[in-house]
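Presented below are the structures under discussion, each in the form of structure tokens.
Here come two complexes built around chain A, the first alongside chain B, the second alongside chain C.
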Partner chain A sequence: MIQKLLNIDRRWIFLFIFVGVAAAMLFPLPLPIRPSSDVKNVYNTIESIKGKPNATVLLSFDYGPGSEPELQPTAISIIRQCFRNNIKVVGMALWPDAVGLAQAAFDSVSRAEGKEYGKDWTFLGYKTGSVTLILNMGEDFHGAFNVDYRGNKTSEMPVTQHIAKLGSFDYVVTLAAGKTIDGVWVTYAVDRYRIKLGGATTAVTSPDMFPYLQSGQLNGLVSGLAGAAEYETLVKTQGSATRGMQPQSAAHLIIIISIIIGNTMYFVQRRRDRRQSVSGNEETRS
Partner chain B sequence: MMHNPGSRTATFVFAGIFLALSIWQLAAGHIALTADGLGVLTAAGLTLALFSFLYDDNPLFKIAEHLYVGVAAAYGLALVWFQVILADLVNPIFFSTATIRQLWVLIVPSVLGILLIMRIVPKFSWLSRISFSYVVGFGAGISIPAYIASQLLEQVHPTLAPALGWDGGDKFILIAAVVLIAVAYLVSRRGGGDLGMNSWFGPTLLSVVFLICYFQGVGAASLVLVGVAAVLFYFFFSVEHTGAVGAISRVGIWFLMIAFGASFGFTVMARISLLIGRMQFLLGDWLHLLKI
Partner chain C sequence: MIFFKRTLPLVIAFVMGIVAISIYYIPHQAAVDLNDLLSKWDRIIAAFAAFLGVYSLLYLHAGRLKRRQAGWGYSVFVYLGFVVMLTAAIYNNGAGPLVALRKGGAYDWLYTNVFVAADASMFAILSFFIASAAYRTFRARTTEATILLVAAVIVMLGRVPIGALLWESMPELQQWLMNVPNMAAKRGILLGVYLGAVATALRIIFGIERSYLGGDE
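On to the complex of A and B.
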């Protein structure tokens, strides 16, 4: 029995996880979600600029479809919060795969909140270069993005005509799957142009971002699906992240139980092996 | 590949599931034969094809994998062509009224780019060195000062902050650090490696310190300072790791173990999130079983 459990086919574990996740989705059991201080910091910064004339937030979409479940809900929540507070939003992408995701997020929320393209929001699209693009934006925003994704001149659109450079934005939030937060935004934008930067990242990358929170280079961080669910709680709109927390908890429970069973079986087996070897030695001596 | 029984089972089971459930959805009228409906069916089929690898490697997985790589490459190329090369290079050079004087910022990088591609022609591959030297020089000039400022200097101050002003939490961490180092010293002197003590006792003790810090809301910054110092000791190989140095470096190992554990935990959480994303699509958009 112990041997069987220790050598269990991994496909059984996959099946348990699949069934656990599906069951938690089909029969949801609402769990409380308490926003952490890092998530609240991003939310509160956006709240603090509402009412300011021409308040504008820059959202950088630096992720691909592989990170959509974790980062798209945060993008939607931030856009929603800005629109509800009449804050202008400018979107851009450092990753080519993010273009479709950004458009989908903007289209759905702007339609729901009745916001107008060019006046309340715009999407600049993808530009290559990352570091050089940020440096260009830091010196001359309209030079870096002469036109938006639809070909409109940024110097003529009401949403961007008052933006002279990166520092003109009241807040910059990067939604990043890779090393874009620390490798590009923190290194070249925060320290050089002294912008206020918030981040949203996948759970995999978030431990690498904690030092920047401590140093204040990042003023807030939304980590993975859990962070996205916390943000949805703050914005008071239940989205895919909130719904995803129940299956997430179910999967974690299955993993914890598997770890406990696996370790218990391992120690029981080790004790048995030791006893057998001791008794074997005694038999040899006698 | 199909000679493998597992591969055959995966192919037929996953293809069967996809066909049966898709026909059910079409018959029930949940999915229409429109562009959107076909999109959902294609996405569901490809998701199941990729999941089929969890059972065994099979042709369905290979098709989906190759398709994904091909589509991603084509999408990226098309986007870069239309949004970068055409918009920022071809149109301004050939279809604008700008003068040569205004265009030199486009022409020089374009020439450098073309020289870079020369690497694929053996006879002219030496030309690519001009571009590489520019890239390396520019990269080093831009990156080194920026990295030193933001990744090193900006991190030093918050790390050393507790040493500049002590409070109750920091005193707790100081005492905890002394206890940890003493325990590590005793463990190593008593041959803890053989007893298996150093593999669980130290990290457990350190985890308790972490938990106290978390629940009391104190000492986190000084814990980082202790951790940084201990881990640096571990990576300092010029001195033999015995006695006090050995004890401190052992505490460093415990910090590393907890950091790796936390990192692994976050990774598991991220992977499960991806599964949840696909499951929400399969059960919601494809099978219409979720009430949204």
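On to the complex of A and C.
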């Protein structure tokens, strides 16, 4: 019986996960979402620049569709917070497949908040180079991006005409699925051009970011779907991340229960094996 | 020929490596301008690398198709996806390839309804495999494995609201694990990684590491 349970067909586990996640989506329970200090730091930094003339935030979309469920809600919440506080937002992408996601986020929020393209926000699109693009932006923003994604001159648009270099932005937030936070933004933009940087990342990469949080090179971090849900709580808008907390909680619980059952079976089996080997030894001696 | 195959690339790597490092520490406008110029060159070269990537991918799958290798059907989809997306991008909803991508066209539709959906689904499938792997392999066999297991359970619970519902201090405990033991371990790993990166960069600049030249070098 125990051997059978230890070698259970993996499709049963898949079924448990499916049923658990589906049940949590169909019958959601209200769960408390408490924003962590790292998430609050990003939120508070944006709040602190409201009212400042020409306050502008740069959002870098450095992720692809695979990380969309985790990072898109944060992008939407940050854009929403900026627009509600009349802070200008400039979007760019270090990943080519992020272009469509960035446009979707900007389009939906700007429509809802009644913000105008070119005046309140713009999207610069994707450019190659990552590190060298940041170095170019650090020296001459209009040289690095002379036109936006739609072909408008950045030196003429109200949203970007006052931006001379990377340091002109009041805050930079990178939404990253890969190594762009530490490999690009922290190393080149923060250390060289002394910008204030916040990050949003997938849950799987967030443990790598803690050394930069402690050193202050990263002033805040929105980590995974849970972080996105915390940010939605702060901006007081329930979005896909908040709704995603129920199925994610269910999935985590099922995984933990699986670990407990798996380990219980393992120890019972180990005990039996030991007893059998002891009794076998005694029989041999007698 | 050896001059073009070996000597010239080594000289270029040495000169560009020394220049790129030096200008970082020279607080003069000329150094800043040179840095700006070199970064623009780098971006142009990087853009051409995309063509090489496409060529390499299509070449690899053409070989699989020719040999009717196992799973060659997937290679058909690679070509199909490439041709369809490229055609949609060039057509650009009737505006042509020289202007910014128009909304609402075939490319936009394919991106949202095929690419985004397929990519997100692929990652979603991971949750099933993680559960199965956790059940089968995550065992408290040794003291170290037990510590790892307990830490993993705390982090998994502390990261979701249900953790706070089960025990109020779970999120704080999770945060402490991330801020102290995790951070200390990560810092050690990162120091090792970056010292290794510096050593490799110096080996390339001084021509000790030559594997990037290809062949027998």
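As a working rule, the second predicted complex is superposed on the first by the 286 of 286 C-alpha atoms of A that agree within 3 Å, B and C clash if a C-alpha of one lies under 4 Å from a C-alpha of the other, contacts with A are read in each partner's own complex, and residues count from 1 in each chain.
Keep in mind that, in the parts below, contacts are C-beta pairs under 8 Å (C-beta built on N, C-alpha and C of every residue); 3 or more make two chains touch, one makes a residue touch a chain.
These numbers were taken from a predicted model, which means no experiment stands behind them.
Visitor: Which of the two partners, first being chain B and second being chain C, lies in contact with A:S240: first, second, both, or neither?
Guide: In the superposition, A:S240 contacts chain B only.
Visitor: Look at the residues of chain A and decide whether chain B or chain C touches more of them.
Guide: With both complexes superposed on chain A, more residues of chain A are touched by C.
Visitor: May I ask you to decide whether A:V190 touches chain B, chain C, both, or neither, giving the answer as first, second, both or neither?
Guide: first
Visitor: Using the touch definition from the top, say if A:A22 reaches chain B (first), chain C (second), both or neither.
Guide: After superposing on A, A:A22 lies in contact with chain B but is clear of chain C.
Visitor: Which of the two partners, first being chain B and second being chain C, lies in contact with A:A164: first, second, both, or neither?
Guide: Neither partner.
Visitor: Contact-wise, after the overlay, does A:V268 reach chain B, chain C, both or neither (first, second, both, neither)?
Guide: Neither partner.
Visitor: Should A:Q214 be classified as contacting the first partner (chain B), the second (chain C), both, or neither?
Guide: Both partners, chain B and chain C.
Visitor: May I ask you to decide whether A:A112 touches chain B, chain C, both, or neither, giving the answer as first, second, both or neither?
Guide: A:A112 sits against neither chain B nor chain C.
Visitor: Of the two partner chains, chain B (first) and chain C (second), which one does A:I256 touch, if any: first, second, both, or neither?
Guide: second
Visitor: One more residue to check, A:T128. First (chain B), second (chain C), both or neither?
Guide: In the superposition, A:T128 contacts both chain B and chain C.
Visitor: On chain A, what residues does chain B touch that chain C touches as well?
Guide: Common interface on chain A, chain B vs chain C: 14, 17-18, 21, 66, 68-69, 97, 99, 125, 127-128, 131, 135, 149, 203, 206-207, 211, 214, 224, 226, 248, 251-252, 255.
Visitor: Report the residues of chain B in contact with chain A in the complex, numbered from low to high.
Guide: Going by the criterion above, the answer is residues 54-55, 72, 75-76, 79-80, 83-84, 87-88, 142-143, 146-147, 149-151, 154-155, 157-158, 221, 224, 259, 262-263, 266-270, 272-280, 283, 289-290, 292.
Visitor: What part of chain A is in contact with chain B in the complex they form?
Guide: Result: residues 11, 14, 17-18, 21-22, 25-26, 66, 68-70, 96-97, 99, 125-128, 131, 135, 147, 149, 182, 186-188, 190-192, 202-204, 206-207, 211, 214-217, 223-226, 240, 243-244, 247-248, 251-252, 255 of chain A touch chain B.
Visitor: Using the touch definition from the top, list the residues of chain C that touch chain A in their complex.
Guide: Against chain A, chain C makes touches at 32, 35-36, 38-40, 42-43, 46-47, 50, 99-101, 103, 108, 111-112, 115-120, 122-124, 127-128, 130-132, 134-136, 138-140, 149, 152-153, 156-157, 159-162, 164-165, 171, 175, 178-179, 182-183, 186-187, 190.
Visitor: Going by the contact rule at the top, pick out the chain A residues touching chain C in the complex.
Guide: Where chain A meets chain C, its residues are 8, 10, 13-14, 16-18, 21, 31-34, 36-37, 64-69, 97, 99-101, 103-104, 125, 127-129, 131-133, 135-136, 139-140, 143, 149-151, 203, 206-208, 210-211, 213-214, 224, 226, 229, 245, 248-249, 251-256, 258-259, 261-263, 266-267.
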